[in-house]
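Please find the structures below.
What follows is a pair of complexes built around chain A, which joins chain B in one and chain C in the other.
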Partner chain A sequence: MAALQLLVNGVALGAAYALVALGFVLVLNATSAVNFAQGDLVMAGGLLAVAAAPLIPLPGIVLLPVVLVLMAALGLLLALAAYLPLRRRPPVSVFISTIAVGIILQNGAAILFGPEPRAAPPLFGDDTLHIAGLAVPEQSLAIVAVAGLLIGAQQWVFARTQLGRRLRATAQDPEMARACGVPVTAMILVTFAIGAACAGAAGLLLANRYFVTPTSGGDLILKAYIAVTVGGWGSVPGAVVGALLIALFEVGVSSVLSYPAALGALYLTLLAILVLRPQGLFGEAVRRRG
Partner chain B sequence: MGERHSPAETVALIAGALALLVYALAFASPYGLRILTVAGVYALATFGFQIVFGLGGALSLAQGAFFGVGAYVTGILGSRFGLGFEVTFPLSMLVPLLLALPVGLAVLRLESHYFALATLGIAQVLHLLAVNLPELTGGSNGLAGVPAAVLFGWAVPRGLPMAGLVWGLVALGGLIGWRLAGGRLGRSLTMLRDDPLAAATLGLDVGRLRLIAFGISALFAGAAGALAVHTQRVVSPEVLEFPVMVSILTIAIVGGRGQMAGAVLGAVLLLHLPEWFRFLERGYLVVYGVALLATVVLAPDGLTGLLDRIAARLFSRRPRASVEAKEPPRPQNSPDGLAVDDLRKSFGGVRAVDGVSLELRPGSITGLIGPNGSGKSTVINLLSGLERPDAGRVRLGGRDVTGTRADRLARAGLARSFQAAVLPNGAGVLEAVAAARLAVDPDARTAEAHARWALDRLGAGDLAGKGCDGLPAALRRRVELARSLVRRPAVLLLDEPAAGLTDGEKAELAALLRELAQEGVAILLVEHDMGFLLPLAGRVLCLDRGRVIYDGPAGGVRRDPAVAAAYLGRAVPA
Partner chain C sequence: MRRTLSLLIGLLAASSCLSSAARADDTLSFPVLVPLTGFLSLEGTSQRNGAVLALKQTPAGIAIASEVVDTGTSPEAAVTALERAAGRGTVGAVAASMLGTQMLAMLPLAGELKLPLVTVSGTASITEQGNPWVFRFFPGDAVTKAAHARYVVEELGKRQPAVIYQTTAYGQSGKAHLDAAFKALGVTPVFEEGVDPAAKDLLPVLTKALAAKPDVLVLHLHSAPTALLLRQAASSGVTLPIVAGSAMHQPSTAALLEPAELKGVCAETAASPISGGTPEVKAFTDAYRAAFGKEPDAFALGQYDGMTMVLEAVKAGARSPDAIRKALSAETFQGLAMTYKSDGKGNMAHSAVIVCYDGASRVPVLAKRYDDPTLAAK
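Now for the complex of A and B:
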């Protein structure tokens, strides 16, 4: 029974992590650039929800579209300031420019909100449901449902729409896509917007049960990174599975030992994976572009 | 980088040092001195970062963590065990080094972003340990009562003496860093930063060099951490938090990547910057973020890069002293030729190389021809160690070298050229050719003398003072050939060396290759130009879809029906 309880908590956490990792891997595939600000974007989404909550005194689910739109705009800004000017430079330039954006977001948030942990309103309600002896918080179910819907919507857009085909073409081979008339720059901007919106949604989902502080982005980018590494660098389903695995690991180890021990074990596992299987547990999806 | 300083640079350095000295002695308040001291501490930490990241291109996010480890070593040993500076300072450097080596061994061959991730993970683990091991580290409160640094029985007080100690070590560390950057290590590191594949084919051991750079970075960071604790007299988990890393990264980029002077300039500037933005309180790092972003986008060479450009406008560059040419010695016991037996390599389901056997004897020129996509370049990549064969055996001078790494093969006497000449951007021609000797010569100066010899031999001595950027294709090829030649290889693999050359240049190249063969070099020549190849080669192999379809004297190629079919696309009768 305890194990089932942990499973429920782990899946809820993993659903939110999956959104973070998804946004990260989409940008990675479209640009081969590592967006180091992804964790801080999650934090920004959470704090946006915190700030908007008093203005819109309705359940969190109503805040979701607001957060999605604002975060998409922030993603566009990020691409314009930190990616597009550097696209012809070595990849490490973008790595550093997104670190810079992360620093700006993190410390900007500290100035605006102070260092205290904040909580966003729950998506629907704060009640706990009792299903067959399991105590399931409503929020956990809501997180899984909302994250599942968003990931499903993203998959649908990528698989079934003209926009999605163009986005995939851009991710696969930007030169070829451009030659076929795909507006590659616009597609990259859209990808950054989607990536940031995913991060923002994750921020809103996480900021109720796990609180949000200006510095919470640091751990999240590491977890997104680990999820993508575990799932196979560049693989979208791999990133989602990796995120779920990480969350289950974290919840499981925390329950036996402690959260810091879980985090430490996670990083050590990551180092072991990098040494033993740098291609990820499921194989690497993208090879380096020349 | 790597050059001896020009008089203008020396004047600027001395003027800068004097200005700092005058400020410290005459104008700085106690608070101002403290900031200056901390700036020195950060400059020292950044020296190490300039070597691993600025020169080596490995984005280590553990530099802040090594700083913190150095700080804790001094803090714990000083406040708990009452050990003195002469023990704690060396240990503060040693412990980060001992941490860096196993980690570096594990991850340094991975791609850059994985290295960044792994080092960030280590930093997080160390921070967790510092907070969660209160018996050792004092937990989140840290340890107070760290003693002052004691030098020869004299406890260095805060203020001017401490600033003097720190800046004395900055001067020493900067000098060491500058010597390293300009010498063999620094040049090898920039070489592998700009093009790891080319670096490996020139015999540079990428993993080993990065490990050395990572180790050096840890030494510098540990020293800086120790001094930080002697300045603050307390140590807390703050020294392991991300802002330390952010500061070091920002200082290095804003000051100028890879430049020791940039580390000092960046540290002095950025440590004073928050004083002008005090209303931001703890959010002052916003300013660092903006400075970092603006520098990366607008001035990627940082402040020292800008100053360099201004200086270049004001003073005409002194032409570099010309280098005396010197013939590089032939390596002893060079291997006698290369033999390949039944080599196979598939990519996905495609058999790129399917059972190729060949022998390159000393003094012979062997031609390798075949239509585009027939596997010629893959054969060269397999022989030079850039790809590992799936099956088959490669013997270099009788020694089995199947699957050996590119840099080992290169050091064993194998050289190769690339189809598109790869030369480092922004480097001079002499420097680029000298880079090919870095793995063998004792120092950069000898390597340049040898490089000059190779350029002279190719009739390209007048290129020595030029830059690689903007050289026409034919000259780029010649420079690349010089890079192979200068290493006195026993086996030389050339990938379409005649492409884009005029008839006169082809004749010169042919004469040179004959000369090399007479000296005993075994040459493999991949070529499309039959008019160039056939008179030169004793033996020719033709590949089609990874298989050898012709192997025999050069004269027979034109009459061979299978070769004609492969080129013209007719079906070969079974």
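Now for the complex of A and C:
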């Protein structure tokens, strides 16, 4: 019974991590740049939900669209300020500029909200359901459902719509896409907006059960990075699987070993994947011509 | 235009010189160098607020200056802040970071500059360096963890504790002192495990702890992990008594939980100003709320008491850092949280309290006071 309980918690946590990793990998694909502010965008989404809750005293599910829109706008700002002016510079310039944005977000949040941990409202309710001896928080089920819906919706947009095709074309080969008439800069802006919206959704989902502080984004970017590396650099399904794997170690393995040992095992697994399958679980092998 | 500008610059320079001269004559400076950003910002902000409130209430007739500097979390930033502060006027004493690594970095410089550092850091080693310039106005782990263990064993009558602690320096130190205190009481924990502060789900460690059949859960975690574990324990229907570390007493931790989730939870701390007490403590709490719009905690009160003792020394005639150091070393001070007296190493605080929540309110009530619990345990 305890194993089932842990499974529910692990899947809920993995679903939220998947949204973080998804936003990270979308920007990575569209720009070939690592957005180190992704973790702090998650924190910003969580605190945005905390700030909006007294203004809209309704369940978190009503706040979710508001957070998505505001975070998308923040993503646009991030692209305009930290990516577009540096897009023709070496990739390290964008690394540094997104790190700077992350620090600005952290310190801005500390000034605006103070350092106290805070909780966002639950998506539907804060009760615990007791099903066949299992105590399942409603929020855990809601996290899985909402994250699944958002990931599914995003996959549908990318696979079935003209916007999605343009976004994928931009991610695969920006020069060719531009030559074919795709407005590449606009597509990059949209990608940043979607990436930040994903981060915002993850922030709202995580901030109820796990709380949010101005510094809580720091470890999330590391998890997103690991998820994308494990899943395959640039692979969207890989990022989701990588995120679920991290949650499996954090919740499942740590219930058998200790938490520090589970983290050690996660990094050993990462190392093994890098040695045995450097392209990641879902990545395509790249070979140099002789 | 150019002439006006020159005149303005000249006037500014002259007034700056005059101000410096005046400051050098009779104004003592009390810089507040604390971590306002980074992982210790919650506690650092309380520390700053306590120091600032004490300095705002400087006794009449004493001219002081003060500035607040964020030391972040790096030792280098703290040392730089101390160097810069020492270069500005006559420094009487410094409200110094509660982050142990920053204190350890600042101590040699404080010795060189001969400046008293007044802190609420809990790191035991800062008062074990043989440095006469450090004064700690918060009970160290040796005191608080002795009280923690004694309450569990002597008051609750529990002898099978499961200890869950943080893997940080704070957590390791607390765990080591809890082990020693339980050993002194003839008790061996049935379960001990550390968790990383970044752990999002604490159900795995809680499940393992419960599997060890404890009769009490003993926590030594930071603020958010404490709230997370209590919430998961409540939703899992755990009815064991829980005695948490000092992070639980912070009003911002209790604010994360429903009062019902706090039922049966106790915590050790140096003091709990929101729980009331003397009229002076109530006056402090009201003044703190009015000044900062927040609820005070033990860190704020400890730093407030420390800076108040410094100002009392100045009022009594101590007009140099060395005179202030001597006063802090020798005098006994009746603060709001407790009576402070140096043990010869700069440890000023020797009392701890246990507070408990009744399940109806987020304000805990005082359950037990321990004055020098380590001596009593011996």
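Note that in this section the second predicted complex is superposed on the first by the 254 of 290 C-alpha atoms of A that agree within 3 Å, B and C clash if a C-alpha of one lies under 4 Å from a C-alpha of the other, contacts with A are read in each partner's own complex, and residues count from 1 in each chain.
In the analysis below, a residue touches a chain if its C-beta (ideal position, glycine included) is under 8 Å from a C-beta of that chain, and two chains touch if they have at least 3 such contacts.
Since the structure is predicted, the reported quantities are computational estimates derived from the model, not experimental observations.
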{"item": "Chain B versus chain C as contact partner of A:Ile131, first or second or both or neither", "value": "neither"}
{"item": "First, second, both or neither for A:Gly10, with chain B first and chain C second", "value": "second"}
{"item": "Which superposed partner A:Pro260 touches (first chain B, second chain C, both, neither)", "value": "both"}
{"item": "Partner chain(s) touched by A:Asp219 [first = chain B, second = chain C, both, neither]", "value": "both"}
{"item": "Touched partner set for A:Ile104, first chain B, second chain C, both or neither", "value": "first"}
{"item": "Touching partner for A:Leu58 - first (chain B), second (chain C), both, neither", "value": "neither"}
{"item": "First, second, both or neither for A:Arg118, with chain B first and chain C second", "value": "second"}
{"item": "Shared contact residues on chain A - chain B and chain C", "value": "106-107, 110, 115, 215, 219, 260, 263"}
{"item": "Parts of chain A lying in touch with chain C, wherever the complex brings them together", "value": "2, 5-6, 9-10, 13, 106-107, 110, 114-119, 128, 135, 137, 206, 209-211, 213-215, 219, 250-252, 254-255, 258-260, 263"}
{"item": "Of chain C, residues touching chain A in the complex", "value": "36-39, 41-42, 44-45, 167, 193-196, 198-201, 203-205, 207-208, 223-224, 227-228, 231, 235-237, 252-253, 255-256, 294"}
{"item": "Residues on chain B engaged by chain A in the complex (per definition of touch)", "value": "57, 59, 103, 106-107, 110-114, 116-118, 120-122, 124-125, 128-129, 131-132, 242, 246, 249, 253, 280-286, 288-290, 292-293, 296-297, 300"}
{"item": "Chain B partner contacts - residues on chain A that touch it in the complex", "value": "34, 81-82, 85-86, 89, 91-93, 95-97, 99-104, 106-108, 110-111, 115, 215, 218-219, 222, 225-226, 229, 260, 263-264, 267-268, 270-271, 274-275, 278, 288"}
